[in-house]
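Sharing a structure here in structure tokens format.
For reference, chains read A, B and C in written order, and residue numbers begin at 1 within each chain.
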Amino acid sequence: MSAKRTPIILLLFMFLTITSSHKYKGNKKLYKPCKNLVLFFHDVIYNGKNAANATSAIVGAPQWANRTILASQFHFGNIVVFDDPITLDNNFHSPSIGRAQGQYIYDTKNTFTAWLAFSFVLNSTDYQGSIQFIGADPIMIKTRDISVVGGTGDFFMHRGVATIMTDAFEGEVYFRLRVDIKFYECW
Amino acid sequence: MSAKRTPIILLLFMFLTITSSHKYKGNKKLYKPCKNLVLFFHDVIYNGKNAANATSAIVGAPQWANRTILASQFHFGNIVVFDDPITLDNNFHSPSIGRAQGQYIYDTKNTFTAWLAFSFVLNSTDYQGSIQFIGADPIMIKTRDISVVGGTGDFFMHRGVATIMTDAFEGEVYFRLRVDIKFYECW
Amino acid sequence: MSAKRTPIILLLFMFLTITSSHKYKGNKKLYKPCKNLVLFFHDVIYNGKNAANATSAIVGAPQWANRTILASQFHFGNIVVFDDPITLDNNFHSPSIGRAQGQYIYDTKNTFTAWLAFSFVLNSTDYQGSIQFIGADPIMIKTRDISVVGGTGDFFMHRGVATIMTDAFEGEVYFRLRVDIKFYECW
């Protein structure tokens, strides 16, 4: 009896060791997403001339700036509200499967850094529901991680991490983000 | 031995099938809330004349708008900061059990859609603590789901989904929201 | 047999009672953090004269206020964007181990209350990653709890509660917050 139990105890011990390294080293390589989505969204900033096509607008700025053109000093302090189309590929003219809605803020004085808080509202045959995102976005770095803090509908109670990449950037008017959403808590 | 094991394997297989349908179809009907709260909050928007009674004010707007009257084009871009009383029923004059504090943004050019980020700060004999909310709010739809992303005090570490209904709407000055908060992670 | 089982049933019953008090009374004293961090961040508000040193600026305000000086009426409605240095102790001149980036809003008309939504972006030998925070901040109370709603890198998928204390406050230009971050979900 005792001889048979030993291996089980060893296995348990190994399991506890792995669990503990999870908890205290944040080694995310040990985790596989329970769901994965790659989506693109397209932001056309209002510049005083493109009201018909714009999907976002500056709505707050520091005292030294205005709300038509992004502020100097790396756009520091600009708050932009957006309602951007979401597509399955990187083509601006592809059918939209939902909207990215929320705000971004430029928040560094000496480089381009943004802070994001927004939702994906998906409405397609494959996905119905919303996903909530928050995080810092150091734009000049190739890939940036933000947090997926909640969801509704098909994404009920989901949490995870989203990796963002600037897929295109055209002057101060258009950019496109690639969002690789990895859910680790799916329900 | 083998004959006895078969049913267990079958059961395991059935269990895995059910688990997998949880994870990939987001079938929230399988879950029951561990806690449920229905509350109302009341928003009186500052319009240039009601400083004494107003509980919210426009603090950001696009270049074409101002901060006294909600912007045209479906209010696109308006950021509103609020500190609204929370009540147990739909009567504005009922005793307040806390405050709804945070911001909402109007973020669509061709219909009324908002984006919400706020906290409930509850301070009553029954509840002491805060609840954090984020989500898109397509105002014209009867019931909308947003995410409950965290809590403190009596709502320590809670997560869930809140269903929002516009319970009253009077011109551009007053609205009342019914919030049905369902916690699925309670601690 | 029956005599032997009784204590187990009693134990089970006690366990269920404790679990239930977890769920319905939010008794956080029963939980120990799986990780704990105490950090400070320093906010220097732009006042029209300190552009070189300022780490934050008013970017939104109600119609009756401006964006150079904090609004009267307890600063109601001011939105401030910040990019503040984070230090391990309360010395403004200590080496920065990261940046606190996001926004705060003053949101009460009759006392000083703020609402916070921001990220810690840590970049030191000890910590690489980001932490996301949301919550109400009743500034005049000595310690306030806000929610930690997500994380990336070393804080992958973490959640918890952060206790905030105003560690220093100098007029309308400088304040320092002590943030005691307790993670209860660590991965």
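Note that in this section contacts are C-beta pairs under 8 Å (C-beta built on N, C-alpha and C of every residue); 3 or more make two chains touch, one makes a residue touch a chain.
Because the structure is predicted, anything quoted here is derived from the model rather than measured.
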Angle, in degrees to the nearest 5, of the Cα rotation that carries chain B onto chain C: 120
Interface residue overlap between copies chain A and chain B, same or different (over half shared): different
Intercentroid distance (Cα basis), chain B paired with chain A, Å: 20
Junction residues of chain A - those touching two or more other chains: 59-60, 79, 117, 134, 149-150
Touching residues on chain B, where the partner in the complex is chain A: 22-26, 28, 31, 59-64, 76-79, 105-109, 113, 115, 117, 134-136, 138, 145-150, 159-161, 184-185
Chain A partner contacts - residues on chain C that touch it in the complex: 34-35, 46, 48, 51, 55, 57-60, 66-68, 79, 81-83, 99, 101-103, 117-119, 121, 129-130, 132, 134, 149-158, 186-187
